[in-house]
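One structure, as structure tokens, below. Some questions next.
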Amino acid sequence: MIRASILGATGYAGIELVRLLYVHPEVKLVHLVSQSFADQPISSVYPNFKGIFEKTCSRLDIDQIAEESDIIFASLPHGASDKVIPLLYEKGKKIIDLSGDFRYKSVEIYEKWYGSSHARPDLLKVSAYGLPELNRQEIIKTRLIGNPGCYPTSALLALAPLVADDAIQPDTIIIDSKSGTTGAGREPSSALHFSEVDENIKAYKIATHRHTSEIEQQLGIIARHDVTVSFTPHLLPVKRGILSTIYANLKKHLSFRDVFDIYSNYYSSEPFIVLHEEGSLPEIKHVNGSNMCHIGFVVDKRTNRIIIVSAIDNLIKGAGGQAVQNMNILFGLDETTGLKNPGWYL
Amino acid sequence: MIRASILGATGYAGIELVRLLYVHPEVKLVHLVSQSFADQPISSVYPNFKGIFEKTCSRLDIDQIAEESDIIFASLPHGASDKVIPLLYEKGKKIIDLSGDFRYKSVEIYEKWYGSSHARPDLLKVSAYGLPELNRQEIIKTRLIGNPGCYPTSALLALAPLVADDAIQPDTIIIDSKSGTTGAGREPSSALHFSEVDENIKAYKIATHRHTSEIEQQLGIIARHDVTVSFTPHLLPVKRGILSTIYANLKKHLSFRDVFDIYSNYYSSEPFIVLHEEGSLPEIKHVNGSNMCHIGFVVDKRTNRIIIVSAIDNLIKGAGGQAVQNMNILFGLDETTGLKNPGWYL
Amino acid sequence: MIRASILGATGYAGIELVRLLYVHPEVKLVHLVSQSFADQPISSVYPNFKGIFEKTCSRLDIDQIAEESDIIFASLPHGASDKVIPLLYEKGKKIIDLSGDFRYKSVEIYEKWYGSSHARPDLLKVSAYGLPELNRQEIIKTRLIGNPGCYPTSALLALAPLVADDAIQPDTIIIDSKSGTTGAGREPSSALHFSEVDENIKAYKIATHRHTSEIEQQLGIIARHDVTVSFTPHLLPVKRGILSTIYANLKKHLSFRDVFDIYSNYYSSEPFIVLHEEGSLPEIKHVNGSNMCHIGFVVDKRTNRIIIVSAIDNLIKGAGGQAVQNMNILFGLDETTGLKNPGWYL
Amino acid sequence: MIRASILGATGYAGIELVRLLYVHPEVKLVHLVSQSFADQPISSVYPNFKGIFEKTCSRLDIDQIAEESDIIFASLPHGASDKVIPLLYEKGKKIIDLSGDFRYKSVEIYEKWYGSSHARPDLLKVSAYGLPELNRQEIIKTRLIGNPGCYPTSALLALAPLVADDAIQPDTIIIDSKSGTTGAGREPSSALHFSEVDENIKAYKIATHRHTSEIEQQLGIIARHDVTVSFTPHLLPVKRGILSTIYANLKKHLSFRDVFDIYSNYYSSEPFIVLHEEGSLPEIKHVNGSNMCHIGFVVDKRTNRIIIVSAIDNLIKGAGGQAVQNMNILFGLDETTGLKNPGWYL
């Protein structure tokens, strides 16, 4: 059994990891670290675990965690990860970090978009961007994974095959994403107050959201030149799920079938990618509860544009599920281990 | 024109008062007092007022407010009202207080249920409980109104006719109420965080909610003896509206028509009471956006019990609308002035 | 492996069974019968199964189903079950019926509340009411299970210990239940139209809902005398979950701890019952996604009443999960097989 | 008083017209025509009118309606309007049609996008497109108004100033719109079933929605050349409101202030247009309940693109409110008569 610990276990991404790892057949949860709820059973914070899993949360003890864990998942605020993770990394542990701190190749881009300096830029050389469908070979070779952001996962999986195929004009890419509220975390605020979010939708951080830089970095790697995109996140009155509607100009006339072939070749053996046939489009209902990414598209002959729709569960493929998928890779397990459940639709 | 000022104008009850008084044909809004947003236009806090009403919020200045206002609405936290209101009252102003501080006849009951001592119990002798359908004659005679709580409004309007008629056994009264989140106000908290409220329902403060005592006081006045009830509030994943489902044993066999007659006699000329005919029941959709209270019921012969359902908009008949109705009474206007709009249903 | 087939697989209860049985380690799904979607893959009706489970739905063929299945789950409309199930029963199959047709001991009560005659009242002698926590010994002995209604499950699990202990006055029992919309099924109607349900709550079928009779039958068996209750269902603007708030007068003064002991003794080794400690109450968030029933309560000394709150997922413990639990019993498996997942909370 | 009748009064757009016209100071509602609910009081169909406005619905009687009405609002299905409206038009009545039948200049475009032939293309020469902010002079001169679609209203008000100023490249316009469910009407269907819409978002009719042609027609008139756009509608789990996020490439570098000036000049005296200052963006909460259109934008220097966000209430500025605004113009009233209420935010 793989001994796993979670730092930040009582945040929303953290508790989703607990939920997923609890049912993983090869994992034993060793430490649930939570500064806010230390010494309390996880089931008193999240009563869905009552009678099922009632482990007590603990304070952060680097030495003990390192000694008793084979892998550590860190779901800490941006800027905390880059202090704690180096200590664990230096003890030889495998680490999957859900913050933005180890997702970047370039410390300059990180520091520009995150507005703070990075404590350990040297580790960016050993860390891998943890989007297995795009970067599996790099993930296998390291033991420090920067688990992707939720929005970038939804955008990159939709765009990578077309960028790799040089089928679209990169400077026309527009990503209009709509997310559930769990992506914004557990901390109460006016912007996340029920009476403010209910029956509403709003755009936020237009042209300035940090995830823009993460999307651009990965598309640039695939395109082998700089890519600049427009990215607009929106907050939906739902808990879970991201739907991204993505626009780009085609470089030449392509039929639906041509484009479908590009996708199906690129993702020929990917267990977590589902392509929708012509006339069908992804919805967040299709993926909530699973690690799947659904992708559908329309080729608009009138405008010679492709409109792609992708859907993921922000807490699973956009956070905890992808982290488990990365763990499976690091330990040589089948990538779907513990992640085979269908979503819940209802 | 009646010059009106609002203390606590940027809370949810406060802003509903602004919305209602803005369209009231006999009222001019003079001061919108908000400690949190002083010197900011109300339309920057609530952008639905942009281009419509952009008055700047001000700090509390008792002298100025008293001088420039004919009536003051106070929507302050419990415990603040009883400090500020006496100052305004002593300047001869008409006052409608939306807190619990002036709803009680007995200071002992107030202090027991609110857990704090009352600064000016002497004023409880001059204040009137502002539920016009039950207490209009007392309201007319005073100029300090304790505007009722939202839950008590929904429960008392449903129960008063039957208690007055001695048709039900008072010790069997059970009030199961379901409320939207605006009743809990504007302050963010875990319990009101979107991701926690969405797709959920919960009961809270069972048998201990303060509004229990307010319901019991008024039913006791009608019954002319002490009445003890069970009251359970629930939090719904909606913004507005209270639905109360109320149970009581009938003292004797009564048909639907018998009971309907009791209600229609009691509320014979009330503009804000709507009785549902047999087979029809109130829903919060029926009242959201209006000052109406809808009442429907079922006589269950099997159990000799009556089940009453009442619906109000917690921010209107349960707060701001009722306050406007009280103002209309205090100034000798038709009670429906400014309150004639139908709700919005959709 | 147990070979299982589902009749009515594309209804909401049916598809929940598919979801649960797909991950059950001892079950192979053989036939998904759907008249509406015959010859279509289940994943085109419910795209959450795309890339996971794409079995084609079939038409009803009694002989083939009987030959190739060890157990049949029927999720058919009331009144269809009592035609189809006898044919399968006579072929010696194990059957779990999710309709109301085989839940009753008395055909008279069934016919009175369901308003139609029963095609095979003789089978009511061999069928068992499938609420394992109350009726496990009877379930084990038969092979025709009337799987309980969702509301009765939530009410009976909350009330059984107190009725068995003779701690409450049965004629004071009032059950105020609030349900998500999936309980009303997949068929579109005005009453379930999004624009009508959203931001609303309503009571319906007060004092006349069929589940009243099911609750009364089981409480009567426990009490060993007739029991009559008030039951009010409400429709919530959420998909899943039932919260029941239940009121009853205590026969004598009992402390919280006294009552807690009654519950914990009654449910001493039940894997799907969770009791909340004093000060904590169940919410539908706690159980959605799991087969758990959470129970909490308040003893109100002022009224000498107990107020009990129970929460279940209407599609799991209230339908498909309970059916799987019954199947586990019929095949001698551990009762929690395939049902160990925690709910999802978020 | 203006005598007004509504055809299709019990649909969602129809009932919103009833709500708005009921409070309009210059209007008397004469006939509420509803084939489905003829002879029933409107308040039994929409109980929010109980005790307020209980007029009985009637069947369609062209002669009587023409004789007793000064203006007729038609909220009929597409394809019914072009049969009924000519009859009323020929009797000299003023008519505001909420269907798509009289919005087009070119019958070819109408027939191509609506997939059916137009019964009276000759009337397209006398009808005016009823978007007052863009087309007031044409509206004044006619008495047959094609009231705009909800999506086109949100898109055109956001785009017209920039197209008129030649500030953007028309062939780069992308309109990503998100709508509440009332836009899809009152007719139940699987796609609008609560359990399907709740906690979901989906795109639909990508590149083929009829409103695309309406947007293109009006932008083409402003640009004086053909304009082709991408338009993607999405269905939100809310009742009301449309948020459109619109992308276009700027023709030259413009600052936020430059663009703001373009908008404020174009809309210098428009009572229903609100421009958001830098750093602020519209949300549907800001407009639900009012006839306002809020517009905000971000100039993205990195991509030299403008991202515009507009918000309207689909039932008011997107349907009934705009119809009232058109009526006010036709009768020489102040355009804001009956439309001064702020939205409700909560």
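First chain written, first letter: the chains are A, B, C and D, and each begins at residue 1.
Throughout what follows, a residue touches a chain if its C-beta (ideal position, glycine included) is under 8 Å from a C-beta of that chain, and two chains touch if they have at least 3 such contacts.
A quick note: this is a predicted structure, and the numbers were derived from the prediction, not measured.
Asks: If you walk from chain to touching chain, how few steps can bring you from chain A to chain C?
Replies: 1
Asks: Could you work out which chain's C-alpha centre is the most distant one from the centre of chain A?
Replies: The most remote chain is B.
Asks: Provide the C-alpha centroid distance between chain A and chain B, rounded to the nearest whole angstrom.
Replies: 46
Asks: With centres defined as the mean C-alpha position, give me the chain A-chain D separation in Å.
Replies: Taking the average C-alpha coordinate of chain A and of chain D, the gap between them is 39 Å.
Asks: Roughly how far is chain B from chain D, centre to centre by C-alpha average, rounded to an integer in Å?
Replies: 36
Asks: Two or more other chains in contact with one residue: find those residues in chain D.
Replies: 12, 182, 195-196, 198-199, 237-240, 282-283, 285, 288, 346
Asks: Quick check: in the complex, which residue numbers of chain C touch chain A?
Replies: These residues of chain C touch chain A: 12, 15-16, 19, 22-23, 46-53, 182, 198-199, 239-240, 271-274, 276, 280, 282-283, 285-290, 292, 294, 315, 340-346.
Asks: In their shared complex, at which residues does chain A touch chain B?
Replies: Contacts found on chain A: 12, 180-182, 186, 188-190, 192-199, 237-239.
Asks: Across the complex, what residues on chain D touch chain A?
Replies: Residues 171-172, 174, 176, 178, 195-196, 199-204, 206-207, 228-230, 232, 234, 236-241, 243, 245, 247, 281-285, 288, 298, 300, 302-303, 305, 307, 309, 346.
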